[in-house]
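Labels run A, B, C and D following the written order; every chain starts at residue 1.
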Amino acid sequence: MGLELFNTFILLLLVVAAIVALRVKDLLTASVVFGVYSFLMCLLWAEMGAVDVAFTEATVGAGISTVVMIATIFNLKRKSSD
Amino acid sequence: MMENAIAWILIFPLFGSVACAILGMTNRKICYPIAVLSLACALWAGIETLNQLIASEEHTVAYLLGGWTLDAYPRGVGIELHADILGILITLVVLGVGLIVSVYSKLPVQEETPGKEPLFYTLFLLQVTGLAGICLTGDAFNLYVLIEVAALTGYGLIAMGSNRAAAATFNYVMLGTIGASFYLLGVGYLYIKTGTLNMVGIHDVIEANGLADSATMQVAFVLIGMGILIKMAFFPFHAWLPNAYCNAPTATSSLLAPLVTKVMIYVMIRMVLSVFGVEFSFESTMWTDVVPWLVVVAIVCAAVMALAQREIKRMLSYLIVAEVGYMVGGVWIYNYYGFIGSIFHVISDACMTLCLFLGAGLILRKAKTTHFDGLRGLFSKMPLTMTGFFIGGFSIIGLPPTCGFFSKWYLITGGMVSERWEYMVVLMFSTMVMVVLFFRLIERIHLAVTESGQNLGHGHGDLGLTEEQTRFDEGPLSMLIPLLVSASVVLIVGIYNQDIVSLIEIFLDEFNLPRGEGH
Amino acid sequence: MFEEGAIINELFIERLNYLIYVVLLLIGLHAMISKNNLMKKLIGMSIFQTAIILFYVSVGVKEGASIPIYLPEHDPHGSHVSLGAGNETEEASHGPVVLEAGLIKKYANPLPHVLMLTAIVVGVATLGLALALCQRIYQGYGTIEEDEILAKIEREEMRAHPSVAVKSMESSKTATSKVKKPATKSKESSTLSAKRAKSNPKTKAKTAPSTSQLKSSRSKSASSQPKTSASKSSSAMAKPATSKPKTKAKTTARPKSASTAKKTAPSKAKPRTPKK
Amino acid sequence: MKKISLIPVLLVGALLVYAAQDFPEWGSPNSPASQSPVSSHFIANTGVDTEVPNMVTAVLADYRGFDTMFETVVVFIAGMAVLAILKNSSKKKAGSKEFEVDVEPDLIVTNTVRLLIPVIQIFAFYVLAHGHVSPGGGFQGGVVMGASFILIALSWDLDTALARFPADRCTLVAGLGIVLYAGIGLLSMFLGGEFLDYAELAQIFPVSREMARYHAMLGVEIGVGLTVTAIMFSLYANLSTEGRLKGGL
């Protein structure tokens, strides 16, 4: 049950993170929140026994993707209209 | 060596592309010969495979990569290259078009994207690898990876052009990703029910377990279908295509326009026939009734939109959308002749679109515009180019002896056999539209007069062309010869249509497709 | 009643994964379709893709199974066996054996994991490429808001081919499945064009004009609109290949600008080729 | 307009939820996916076929090695396409003041990173080489390795990182990774097997057929790692500077 609770908790957090990442107007914040989303995903997958996938998501989704996104936003405008 | 011919089809361009990337850093000029050479080798391997296929008993080759052979391991453990006549025919089309465009691309690439030749040829060869791989693979997930290979290279190739191209590519990326992801999701749904990813394996499980009524399978079918339709720019999802293709660099659009949509049609045929099976696809769902009407809407809309365009490349892009409608319709009217028509049309449409886009590239190069108003009197200036271009145009219209006539013939026969009058009517309608389109073009290209007959030229003679405008001024040979070759391919495919159709028949005979009475 | 409870139990407790994956997928898909900012679209795209990965990983879950790495007692090389049981080490030294059917249930299904490794990689590749496109678009148009990009493209096309502008406007609108109210759009674009006419196009133009700015300049731009577009189209008219004034061109939308263009056609020629 | 776009989204959602009730029981070992001969074969026979304890690695690099080859190609494509899109696109001059980062690299940051980088890189090698036994493999190792270079770029500046890993070398290394991968496959083809049939390598290396697969997988993973390392760094370098490879974040 404990694991299930953990599972449920992360799943709900995922939805929250996804919505926040899409609603927030500051792109820098959005990409950081997206990094959080990726890391939550990674936790979830590790919990579900997909360690390799979780590892990849931790390095790629939470790591490289976020860095690359921030690097891009550095060259663009930070504000978003929606 | 020979028994691995099917693997060589993919290995040659793959290594060629890496060679372009690495060697191109020191010597840019070396990329062009590498590209041409590797594609020529791949084409040779493809023809070799076709010969093997025809010689073999069951007309299929299952090449088990990694040595996970079928006798020692369960099917689907390894990845399988599964070539049958259909797959190898489309592969040959892909490789042939790739080869012709690679020859053609020498000057356009140098001029339009200076300094990026190595990158261009790297992506170009990988695009061909991806498309050829799509035609050969026998694994549903591997197909996804190859679709992405083809898609990503396509994005890169298109976005190498102008800023406008980049903006158009972004839409392409969005829609392309949605399409590929839907496909991936559909494969996941298949996997959850069948437990395998091998196409033959999936088909066997569906047959064995009677999964046709399962909701998951139905949804998987819809998802895969939707993904493929988005990827092939079927009418309501066509939005990415015209902008992407008409802003892309010349060589890119000449490669992508003939191939990408057609290869996705191939994927649809493969999914419908080999993966889901005829019964599942046509008889246990209502799609056989619905899709032809969607096709009708698609063709009409695309044809009307093509009519509204004033730019050759954009007009051709809409024509592609209309042609996609033909082929989808040919599959979904569900009979033997429709399938022959569809498959033959994939081949002939690739040839004629190639021809038209090569011609458009030459026109763009000379006239500096593809807008209709810039074309006046071009025929007397570049007669060979225009002849080639119009052979492609006549094929799109469907005049004999071009290949377009024969494929349309089979499509219409299919419509008649299935009594799908709406499909036939719409085919006629779009043929009319294409007649209008191309004869309007012919008029402009021959004359320098406006529609109302006002002579705009400053010269003498009936055409009102100046001396300078009539001077013979063809494009460079490295571009002209591929155009003429492709134009003659259009004619040859038309003349030898019976041979190709008999090959297609070998493929289709193993499926139990309705042929209608009296045929 | 009991059945209903079972369904809820099934859907919300046991299959929460399947439900949440749908929710995430829809959030991502909706963002991809409806967001205006390109970066936001990309974040939506990533969410969309991870949702699919979540689905696949959920497929691979097995109740009570361990991760798909052999436990020490099944390790092919037996080097990790630390348990004292003698016969186990002996078995390991004999080399690997095929697992019994009963033991198969103890390991999660590795296939979905493998597939998703590939899918993650494809996802990051697409993301990188799309980010590069974003930068390219920003260089070209000075903005990553979709409606503003469309407005600029439209203007660019109007300059290149006045006659096709109307049509291509339509197609580009459908192309992005994003339609703004035409009235505000044309005004906005003309505002931008007026602005750009004044400022050096190379400088990073302040895009995304605040609404107050827009409002204040709206009245001005509405009146100056025909003039601006006329001068724009005139500059494009004077192309070497198409130096004939196109009286028959379909400029019904802006008849005034067309006639102005005709008069001033062969003036300052600055052909803006599409390539570059 | 946002309302309208909701309609297709909700349609898709309805479709997916409709299918979800038909799914096999959650986590059931008897679901078709878990019970199929394919996945059973992977679990039961990976040890026998390849001697690799980590099934995911074995399936990734050997059973479905063809997929992974094209996955590597996809990464390569991404790198090349980003180069193609951004190269020479920026109108700003490379030396433009606007993007000059004139902040001195922070002492504390650089010294910490100086200590960290070797650890990260060793860890990357560990992840790559130990992927047969533990989670990890070429891709993860490559990303970690690439991240170490990105870290250099972030804490000093891009020039420092590029001095250690020049842009041209990125392309070279990435290409070599694919050549290594496909080359191993090609070699096994020349030895009489199918493409990517690593077992044939036992003919030229003094190991059993299973161990040939084992070691070839390591080679393949190294190929993946090379490509990914190079492309990840190249992606960052290009994206943070709009392709100018000067200044930047």
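Convention: contacts are C-beta pairs under 8 Å (C-beta built on N, C-alpha and C of every residue); 3 or more make two chains touch, one makes a residue touch a chain.
Computed from a predicted structure; not experimentally measured.
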Chain hops separating chain D from chain B, counting only touching neighbours: 1
Higher-contact pair (C-beta pairs counted), B-C versus C-D: C-D
CA centroid of chain A to CA centroid of chain B, Å: 38
Distance between chain centroids, defined by C-alpha means - chain C, chain D (Å): 23
Whole-Å gap between the CA centroids of chain A and chain D: 19
Residues within chain B bordering two or more other chains: 141, 145, 148, 152, 155-156, 159, 166, 191-192, 197
Two or more partner chains touched - positions in chain D: 16, 21, 23, 31, 33-34, 38-39, 42, 54, 56, 60, 64, 67, 71, 74, 77-78, 81-82, 85, 135, 139, 235, 239, 242
Set of chain C residues in contact with two or more other chains: 17, 25, 29, 58-62, 65, 67-69, 111-115, 117-118, 121-122, 124-126, 128-129, 131-136, 139, 177
Each pair of chains that touches, named by its two labels: A-C, A-D, B-C, B-D, C-D
Touching residues (chain side chain C, partner chain B) in the complex: 25, 29, 32, 38, 41, 45, 48-49, 52, 55-56, 59, 111-112, 115, 118-119, 122, 125-126, 129-130, 132-134, 136-137, 139-141, 149, 153, 156, 161, 163-164, 167-168, 171-172, 174-177, 239-242, 244, 246, 248, 273-276
Residue ranges of chain C in contact with chain D within the complex: 10-11, 14-15, 17-19, 22, 25-26, 29-30, 33-34, 58-65, 67-70, 74-77, 96-101, 103-105, 107, 109-115, 117-118, 121-122, 124-126, 128-129, 131-133, 135-136, 139, 177-180, 202
Interfacial residue positions of chain B with respect to chain D in the complex: 4, 7, 11, 14-15, 18, 21-22, 25, 63-68, 73-79, 113, 115-116, 119-120, 122-123, 126, 129-130, 133, 139, 141-142, 145-146, 148-149, 152-153, 155-157, 159-160, 166, 189, 191-198, 201, 205, 214-216, 218-220, 222-223
Residue numbers on chain C that touch chain A, as the complex places them: 13, 16-17, 20, 23-24, 27-28, 31, 35-37, 39-40, 42-44, 46-47, 50, 53-54, 57-58, 60-62, 65-69, 108, 112-114, 116-117, 120-121, 123-124, 127-128, 131, 134-135, 138, 143-145, 207-208
Residues of chain D defined as touching chain A within the complex: 54, 56-57, 60, 127, 135-137, 139-140, 143-144, 146-147, 150, 154, 232, 235-236, 239-242, 248-249
